[in-house]
Amino acid sequence: MLNVCLFGAGRIGRIHAANLAGRPDARLAAVVDINPQAARSLAEAHGAATRTVDEAFADATLDAVIIASSTDTHHELVSAAADRGLAILCEKPLDLDLERAQASVDVAASAGVPLFLGFNRRFDPSFRRVHDTVRQGGLGKIEVISITSRDPAPPPADYVARSGGLFRDMMIHDLDMALWMLGELPTGVFATGSCLVDPAIGEAGDVDTATVVLTSATGAQCQITNSRRCAYGYDQRLEVFCADGVARADNDSETRTVLGTAGGFLSEPALPFFLERYEQAYRRQLGAFIDVVRGQSGADHGGLATGQEALLSLRLAAAAERSMASGRIESP
Amino acid sequence: MLNVCLFGAGRIGRIHAANLAGRPDARLAAVVDINPQAARSLAEAHGAATRTVDEAFADATLDAVIIASSTDTHHELVSAAADRGLAILCEKPLDLDLERAQASVDVAASAGVPLFLGFNRRFDPSFRRVHDTVRQGGLGKIEVISITSRDPAPPPADYVARSGGLFRDMMIHDLDMALWMLGELPTGVFATGSCLVDPAIGEAGDVDTATVVLTSATGAQCQITNSRRCAYGYDQRLEVFCADGVARADNDSETRTVLGTAGGFLSEPALPFFLERYEQAYRRQLGAFIDVVRGQSGADHGGLATGQEALLSLRLAAAAERSMASGRIESP
Amino acid sequence: MLNVCLFGAGRIGRIHAANLAGRPDARLAAVVDINPQAARSLAEAHGAATRTVDEAFADATLDAVIIASSTDTHHELVSAAADRGLAILCEKPLDLDLERAQASVDVAASAGVPLFLGFNRRFDPSFRRVHDTVRQGGLGKIEVISITSRDPAPPPADYVARSGGLFRDMMIHDLDMALWMLGELPTGVFATGSCLVDPAIGEAGDVDTATVVLTSATGAQCQITNSRRCAYGYDQRLEVFCADGVARADNDSETRTVLGTAGGFLSEPALPFFLERYEQAYRRQLGAFIDVVRGQSGADHGGLATGQEALLSLRLAAAAERSMASGRIESP
Amino acid sequence: MLNVCLFGAGRIGRIHAANLAGRPDARLAAVVDINPQAARSLAEAHGAATRTVDEAFADATLDAVIIASSTDTHHELVSAAADRGLAILCEKPLDLDLERAQASVDVAASAGVPLFLGFNRRFDPSFRRVHDTVRQGGLGKIEVISITSRDPAPPPADYVARSGGLFRDMMIHDLDMALWMLGELPTGVFATGSCLVDPAIGEAGDVDTATVVLTSATGAQCQITNSRRCAYGYDQRLEVFCADGVARADNDSETRTVLGTAGGFLSEPALPFFLERYEQAYRRQLGAFIDVVRGQSGADHGGLATGQEALLSLRLAAAAERSMASGRIESP
């Protein structure tokens, strides 16, 4: 039974806690949050202890940490966990700053502890099936990848201000998806963005609608479209066009119901947001992490995104920002 | 170039005329209609002559007739055409009365002229593909057939009165479909009906909503649902469940457009009615008929429904009527 | 916190146990099974006690029982639970014999304890949405209901022998669905069946393929098709045709993936069987039961099937058997 | 009855001839082709005359010309037709050279004759419905347009050599679609391309796989993906993401058939190529052109692409070529 300490008792932290509760091979041992009330409430619901950061890292019974606290705490927590030899699953981004992110990866590597980032979409059953189908080669070489990713509604302007911007905060997921699907590092990044959804986002210096094109050494191309607005649910789709066919992941909905009336056939909107769409993905990602900690995982870590891979997606996001400013294709 | 005489310049007759115009190997030579104005108008549009029935059958240049006049004229016209050795494509039903229908088939057989009924659904591309897929055997033995057939709106009550009733007028198409798909004559017919759409239909002694079950010697079963009302277009679907899978024909729509809004994803209603849904089917059926007349067809007459087969569907319709009255399964 | 005793530690019992573990308001207090090893294994996994039947009913801390043991134990357990004033959720059927089933309902009614049957499909999100949409009346009066229900593979012949036959064992779910959707008791039942899947089923005196038609006083009709074989997964579909439109529930699949190749577009088969298809339904059904026990439910018991309703579906199943033998429509 | 002269008796010319044959208000009067045999064969089939270019333009009975001959003849024929005051429907491109294309537009404008380009996709029923839905404003402002356009197989290398390259030959259709949907002239064009399908295309100096991004003054963005290879048919799709929803046009297929087996549900591939996909579009485009010539059309010419608009798409194609070379966003 693995003992896991959770940093951060917010929305994502609670998902991890609930998923730990469903595991026969791991338990939530401790919860750390700067808000003691939030920590206590979550800890009590799961029979866990509440701890300060220092107490947590002094606890010799821990096997792993899950970091779901605010981004500015990631580097410090990763470093401390690495120091203690604890396996780490950290929510993205590692850091908004590429150098500090690199430092986090380095410290984990030096300590020899596994460090993974919570790019949970890799564990979405549909995306995973597309990935595996393409990797198994039955469709031939990848030619073009098309990723559609649209949030249902823009975040509050104050979130935007500290989010690192659309490319590091939102598109980072799609850039990781592109990396994971492509299986090669893009060589060029072109980006364009505009503010069409909420003027406050533009005032905060960010965009809310963006298109990115990635190029690669093999000639494979990838297009990504992002928007902070989507009327019909959380739009998360993928198409991988290969020499011999296409593999596609469509949106899911709450039920399989269709209503036929004089106006036509109405099926349901896409699931509302990531909590619903990626419910299974969070559960499977945790399973993969536990498998790694228990030494039951192969060379691909069950598909978990390594710290090293997280640096690559951050570099792509940074290149996208430069491209949007320069109007030219940039190297990541 | 085959010379074809058309009896009946109504809605169906005009379809045949237009389809003849698109053929390089046949032409509309003459039009006969009790309404001279209708005959003239259609004949002029296609460079054809107008004829009386007697004139038509005195014309030695004719090769074939298409009978799209009212049902009560079918027997007389079939007999005269058979007498003249002309190939016959007759709109359904051959006759509402089983004995007269049998007599029509007999006269054509005696004369050795080909007699086909306009069960055009056999030429619908989707139904044809289901049929061929099942016949080719890749799905194994047929177990259950399910036919859904719903008209968009009830016909006028006076039409109902002379239509022969739902089973002979509307379900006859589905009974023919069942025969064609099954490839064996059903041994039992159960029917139930109610009047849910238009009380005038009930007052005319008919039903507007019906369910029929067919049984067969091999144990294969068939269910048919009919309604004279359908809000979302003309509902014409088929499923053939076999030992190793199912073949299904869905409805078609005008375009492939989908609108996604907060309410969900809206695709288009089914095509409005038979003119739209079976546009291709009429064209292909005519082609099959011309091929037969030109001696370019195989033993299956390109899938055309023979007079003999039309008698079988009439017998099934009659058995359905008896079953609705008796409450028991009836032999056809 | 409700204390629930579970009778039966088999496949269905384990589902209930796992779902209880996910509830904040109820707990699995005890497990009873004739196989002590099975009881102990399940009880230990959930921190529950193992009990004999007598011990269980002597336990004054229990609030409710879930009966998932073999059908022949249902009557005795329902009676004992009713005697002790415990709320009852019993897997279907109440009993294969209509009189004993009636006796179970009577004893619960006399004792004033709530008795519900595990017709879990009422809690399938898609079927529930169809039901609610139709009930809310936006589509007008129900005209025709069509239920497709096909198991992936036939059960072992020895199961068939003690199952009560296809109508009481398998179609009973669809008959309950028909009752629940129709909102009125059918007045006529027609059934036909054949043995197309496994000759051993026929030798056991049962059928494996059946079609049933229900008629009603309002004229609404219902058709049900059942098969013990289905190549493409567990086929569980519903269409409710109303005056102003249709509400349809389609099958679900594991992912939303589509592969496009020269052969066409391939989407996934239906979910394999009831454990996968009705995973959510079991969870929601348990929630509704707990709500009833806690007095937080309305007059419709959250949609749970009452013992009284279970008798109706049993009567429909019995009428279907009589109809298959008599070849005529039978009164339930 | 309009008299139309057709230049070019090739594949596209024959489509126009057949569509003219189906019109009650226009006729194919003459056919001109450098291959006299091709001209004669087509003319005879439709009761038209064969003419040389000079004879054709000397014929005072003509009302309009359709130019479907090779691209290098377009300018001369447009000029001559304009000189004679004849309405012109010209297959795309007007010319591969922007200056000569401009000259063609100028000469038609000076002569006051209507000049339209055969951007037939505007008349595809699905694309038209998306266009009209978006224009009617019910979905709010356009944010992002996504166009997928993939040919089933690469053209012969010698065609590629004289085609003007992927952007002027193939993507020109998508650029026109973008213009037509956007309703505003893009301000920036980014393009990337690679040769993944046929090395001979690369040797001819062209690409066979390309991604283009268009930006605009309003901030709306458009992405276009093109490939000369597509295993699953002719992939022609469109999504227009707006503030309040999305309008989407999917591919069409030959039938609505679905096969369900253990491997899943197989529906048909997309229609094979443009002759099948745009059959209706060609017919409707011709109708719109005839309406214009007969003075029965509104200010939008029924949606026909004007010569002026054709220049815009050519300018976008030229900018895409420049961008692919420069690696930066270019002004059209």
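We just call them A, B, C and D in the order they show up, numbering each chain from 1.
What we mean here is this: a residue touches a chain if its C-beta (ideal position, glycine included) is under 8 Å from a C-beta of that chain, and two chains touch if they have at least 3 such contacts.
Computed from a predicted structure; not experimentally measured.
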Centroid-based (C-alpha) most distant chain relative to chain A: B
Contact-richer chain pair [A-C vs A-D]: A-D
Averaged-CA centre spacing for the pair chain D and chain A, given as whole angstrom: 42
Residues of chain B touching at least two other chains: 231-232, 244-246, 260-262
Contact footprint of chain C on chain D as seen in their complex: 231-232, 253, 260-269
Complex contacts: residues of chain A adjacent to chain C: 22, 24, 45, 125-126, 128-130, 133, 139, 244-252, 254-262
Footprint of chain C on chain B - complex, ascending: 141, 143-144, 146, 148, 150, 188, 190, 192, 194-197, 209-211, 213, 215, 219-221, 223, 225, 227, 229-232, 235, 241, 243-246, 326-329
